[in-house]
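Pasting the structures in now, so scroll down.
What follows is a pair of complexes built around chain A, which joins chain B in one and chain C in the other.
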Partner chain A sequence: MIENHQKSNHFLQQVNPTLKLISILTVIFFMMPIFDPWTPFVFLLLTINAIKVLGGVSLRFLFKFLAPLSLFAFSFVWINVVFPSERGETILFTIGSMPVALENIKTGISLGLRSLIFASWSLLFVLTTEPTKFMLSLIQHCRLPPRLGYGMMAAYRFLPLFQEELNQVRAAHRIRGLGEPKGFTDRVYEIKRYLIPLLASAIRKAERIAIAMESKGFDGSRQRSYYTIIKWTSKDLLFSTGLIILFSGLLLLRKSYFLL
Partner chain B sequence: MKNTKPLNLREIVVIASISAVFGVLYLLWVFFGQLIQGIFGPVGHGLISGFWIMAPIVCAYIIRKPGVALIAELVAAGTEILAGSVNAGAVLILGLTQGFGAELALALFLYRSYRLPVLMLAGMFGTLANFITIYFMYGYSQYSSIITTFMLVAMLVSGAILAGWGSKSIADALGRTGVLDNFALGKINRQKRVKKDDLPHH
Partner chain C sequence: MTYLTIEDLNVSYPFQQQPVLKGVNIQISKGEKVLILGPSGGGKSTLALTLNGIIPKSIEAEMTGTIMVDGENPQELSFREISERLGILFQDPETQFCMLTVEDEILFGLENLRFSRMEMKARLEKSLDIVGLTNWRKAQIRELSGGMKQKLALACLLSMDPEVFILDEPTANLDPASTDEIFQLFIALSEKLNKTLIFIEHKLDYLLPYLERVIVLGQEGKVIADGAPRDIFNHRFPTLIEEGIWVPQICRYAKNMEKQGMKWRHFPLTIEEWKRELESEAGAFQVPQMQKKQVLSNNKTPLLQVENVSFSYQKQPVLQNISFSISNGDFVALLGSNGAGKSTLSKTLMKLLKPEKGEIYLDNKPLSRLKAYEHMQKVGFVFQNPEHQFICDTVEQELSYGFKIRGWRKEKWQPGLNELLAQFHLTAQRQNNPFSLSQGQKRRLSVATMLTNDQQLLILDEPTFGQDYANMKVIMNLLKELNQNGKTILMVTHDMELVSEYANKVILLHDREIAYQGDVISFFKKEELLHKASLKVPFSYSLQNLAKVGKEAAIL
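For the complex of A and B:
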């Protein structure tokens, strides 16, 4: 499912992966000093719409990722109500002997929405970027050493194999009568029982693939040719301009309405 | 034993593979962590946070060269993103700071000592870096200082036990399988075995 979105031909899919990555980081820094609830709310709505319109991702698909996160986001609200750094003055009601202040609820909602913005902006990246393109862009534009980049890609390609191997290890353990885990400590030991053979075979495979790469002439130097070249296009300029407009618009809205 | 040679391709791919496995586990742990955070709050979350410092310590303990911890944590973060993390931005920044934290602890000992206390310190530095990062990123300054202090203590304990001791026990168990014979840890283990075998002859 994710791959279909990554490979489709919408606007966001054509933006340079490095630029998208930088945009996530700017969003995080942009949100750091903001503690009112309205700015993140507007920002979140705009982000979700951008993913839908510019990335061609259906809202339903998007909410499937965001729904489990809402529990995490909600934790910011209750923690802020129960353990605020300074309790607000507008007491709405009391639970037992604990006053619940409007200001703390507002800050909590702001922080919760902030975590949802980080998540949705990350989804914008993950759902519209092919892993291979991302890695090639890092090698070509961010001066990531090819040795590391291709090493990572090789390891990443093995992940589906690990899944298969995990099933084998599980079957092998069962046939030798190790049985199902009972209780918490058993479960912890079970994790280790699976992890060690999995890592051992990962290390063996990694050694073999490194030898194969070197025997085919891969020396990790920067003077090499690429099958796919990730280019900077006018779409990247458009994306950056849109981002700047978004940030300044939000700051303007915040100054004129939200901080009153 | 100090080794200042740069990493070769074999070591890089091994680091990448180990970290890729941990990257997937990190991703599963994130969901677990969010459940814990939602129910028990940041202190409960702190107690399990050491798990995210395991990849750098396992790799550094096995390969024992400068820079391994940082690279391992970045690869793990990268794998998390490639495998579909819903928190790519936070993951990347945390990968950088946590890896840097663990690396710093090992650098303090000039990459010469990889005994348990040093690894525990590396784990604690890693979770400390994690704490400082999320403190600013998720606005924890809005909470009372009591809860953030408890959270920091929980994270440091988790860093020492889960990241330090847990990583060492995993790496040692891996060493016993024999797959690490070509790496620093395997070579040191072999030297120890040889020494033990030699004793009766003298």
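For the complex of A and C:
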């Protein structure tokens, strides 16, 4: 599913992975001083639209990831209302003996939306970037040592295998008559029991992969050629310009409308 | 011209008293096709890894002696330089790749060798073409079957074009059909490219005609035989058997005939040679028959009944209307190619999956109504990887676990425990950690743990997987013994020799359905069905058939 998105030929997929990574950092910096609810709201809408239009990801697919996170986002509202660092003046109503202030709700919404923005930008990255290209880009543009880069790829391949193995160990242990754990100590023992076979096989697998890589002539050095070279293109310029326009537009909107 | 030289090689791993290789001397010339045989843990893979310098460069081991590859010491060459001369195809298809797609994986090796983009493209396309994966160029590796993964691994080596190919049991994890395809590739390779091929294998029968030389490593890590296959399998036969090493079926039968007085002018290694030799004898000798198993009778009580079971994963049907029954005392082989639904079926029997339709009855009680512990006391499951089943710190605890769960006191289970330890040859290891055991010991322990509740039915997933001949024999004889004492056994397997030797009933899963259930001999006669399910009759069966035809011809 995710691979199909990562591989499609939309605009965002063609942007250099390193640039996309940098853009996430700038978004974090940009949002830092902003506490009104409207700026993040508009920003979030624009981001989601960008992922849909420029990344070709359907809204349904996107919301499958965002929906559970919105619960987390809502907790910001709750925390700001119940434990405000400074209670606001405009009391709307009281729950029991606790006053609920408009200012605190606004900050809460702002922070909640901010977390959703970070989440959606992370999704923008993950859904539109092939892991292999990302790794190559890090090696070619950010001087990441190939030893680490290809090691990370091997580890990434490993994850589904690990999941499968965990399921097998679970099944095998259930067959031995170990039911669902009851209580805390049981759980600790369960983890210990799972850990030993999983670790044993993980170490063995890692060793085998390392041997296989070395026997294919991999020595971890930078002296290697590349079949795919991640290039900087006009798409990257376009993406950066778009980002700058987005930031300045939001700042302008904020100044003229949201802060009133 | 000698290409590989090994002189007085000794290797020992840390924390092990016995050296793995001891005083090994081997010389291999360019273009030779060599088979290396030896018991499991006998140092075959170690030998391969010393040749490309990974031992001792990456794997810690004490090594003395000289190794020369193309006149150079592999320890002094870089991994890149070595990989231009020598490539290894490994056993486990899951753990030889580090990239996500077919194309990227082949390119990984080529990039290591610093080829230009043009050169890489040409080599990539050529190697994909040789192994027949051109249409899968962009495919994700994890979506490939085991056989295709090994083809990809071979393509990676081919693209790098080394002089020597070491094939370290690449078909050990594959079903017969994929094994055959891979072997065909090797054979084509040896004929077309005239490379040096070093096989480490134990599915020998189909490979034999293509080999020029056999080197045998013994239990102690020494070379105990080195010569032409016909010579070794004829004159060193007793030694091989003693060391627990796989010997081609045809040689076993030929030796058996010798006992009856048959004198081979030309010791046979292939069916054709066998035929030619016997024609002149005109049926004077009996080919030893398979032991006749008790024929299936219908009046035995059914133990397990599967009725109209269906199951699907994400709307893809995996099992459709499966029905079969297993009677008390049966020894059943469950066959089917990879992906035919065998593991899904065994999971439903384990109650790990619930069938969408249909019901499974155990002792006439529906499985869905059995409580987990009741189920466990009737059925034991032995997983493919024995390590997954270990939950305790010593062998003894592992075995007594089942007794303790039943609430028995120590006095009550102690004798039973000792008996199991003795029966499974684990008495000396009773205080060891299960993870520290050898392959064969682990497998035996995992079977033993499943017997502590006196289960009637034992389900085993590929019990002989990764075992050498001696270990295989021990396990299969244990199962046979259990079966003769009244236990019912259901064994998932790919090994047709095991089926013919041990099972008395076959269940074949094909295309999500039961394609056959019944006795073994009638099964082997259904050529069309076997072909459809990409199975092959065992070598021993073909030999016996041949003898029958020969005899009939002689009578006429």
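The rule is short, and it goes like this: the second predicted complex is superposed on the first by the 255 of 260 C-alpha atoms of A that agree within 3 Å, B and C clash if a C-alpha of one lies under 4 Å from a C-alpha of the other, contacts with A are read in each partner's own complex, and residues count from 1 in each chain.
Methods note: a contact is a pair of C-beta atoms (placed from the backbone, for glycine too) under 8 Å apart; a residue touches a chain by one contact, two chains touch by 3 or more.
Fair warning: this is a prediction, and the values are worked out from it, not measured in the lab.
Chemist: Considering only the touch criterion stated at the top, classify A:Thr107 as touching first (chain B), second (chain C), both, or neither.
Modeler: In the superposed model, A:Thr107 contacts chain B only, not chain C.
Chemist: So, does A:Gly217 touch the first partner chain B, the second partner chain C, both, or neither?
Modeler: A:Gly217 sits against chain C, while chain B stays out of touch.
Chemist: Per the contact definition in the header, classify A:Tyr226: touching chain B only (first), chain C only (second), both, or neither.
Modeler: In the superposition, A:Tyr226 touches chain C alone.
Chemist: Is A:Lys64 in contact with chain B, with chain C, with both, or with neither (first, second, both, neither)?
Modeler: Neither chain B nor chain C is touched by A:Lys64.
Chemist: Determine, under the contact definition given at the top, whether A:Leu161 touches first (chain B), second (chain C), both, or neither.
Modeler: Touch partner of A:Leu161: chain C, not chain B.
Chemist: In the superposed arrangement, does A:Val126 touch chain B (first), chain C (second), both or neither?
Modeler: So A:Val126 only meets chain B here.
Chemist: Touching A:Ala171, do we find chain B (first), chain C (second), both, or neither?
Modeler: A:Ala171: touches chain C, not chain B.
Chemist: Looking at chain A, does chain B or chain C touch a larger number of its residues?
Modeler: The partner that reaches more residues of chain A in the superposed model: B.
Chemist: Could you tell me if A:Ile24 is touching chain B, chain C, both of them or neither one (first, second, both, neither)?
Modeler: first
Chemist: For A:Glu3, decide between first (touching chain B), second (touching chain C), both and neither.
Modeler: In the superposed model, A:Glu3 contacts chain C only, not chain B.
Chemist: Taking the two structures together, which residues of chain A meet both chain B and chain C?
Modeler: On chain A, the residues that contact chain B in one structure and chain C in the other are 131, 154, 156, 196-197, 200, 205, 207, 209-211, 213-214, 218.
Chemist: Given the complex with chain A, which residues does chain C contribute to the contact?
Modeler: The contact residues of chain C facing chain A are 49, 52, 54, 58-59, 78-80, 82-84, 87-88, 90, 92, 94-101, 104, 107-117, 120-121, 140-142, 156, 160, 347, 350, 352, 372-373, 376, 380-381, 383, 385, 387-391, 401-402, 405, 435, 449.
Chemist: In the complex, go through chain A and note every residue touching chain C.
Modeler: Touch residues, chain A against chain C: 3, 131-132, 150, 153-154, 156-157, 160-161, 165, 168-169, 171-179, 193, 196-197, 200-201, 205, 207-219, 223-228.
Chemist: Show which residues of chain A lie in contact with chain B when the two form their complex.
Modeler: Chain A reaches chain B through residues 2, 21, 24-25, 27-28, 32, 35, 65-66, 68-69, 71-72, 74-76, 78-80, 83-85, 107, 110-111, 114-115, 118-119, 121-123, 125-126, 131, 134, 147-148, 151-152, 154-156, 158-159, 162, 192, 195-200, 202-207, 209-211, 213-214, 218, 220.
Chemist: For chain B, which residues count as touching chain A in their complex?
Modeler: Residues of chain B touching chain A: 9-10, 12-21, 24-25, 31, 34-35, 37-39, 41-42, 71, 75, 78-79, 81-93, 136-139, 141-147, 169-170, 173-174, 177, 179-180, 182.
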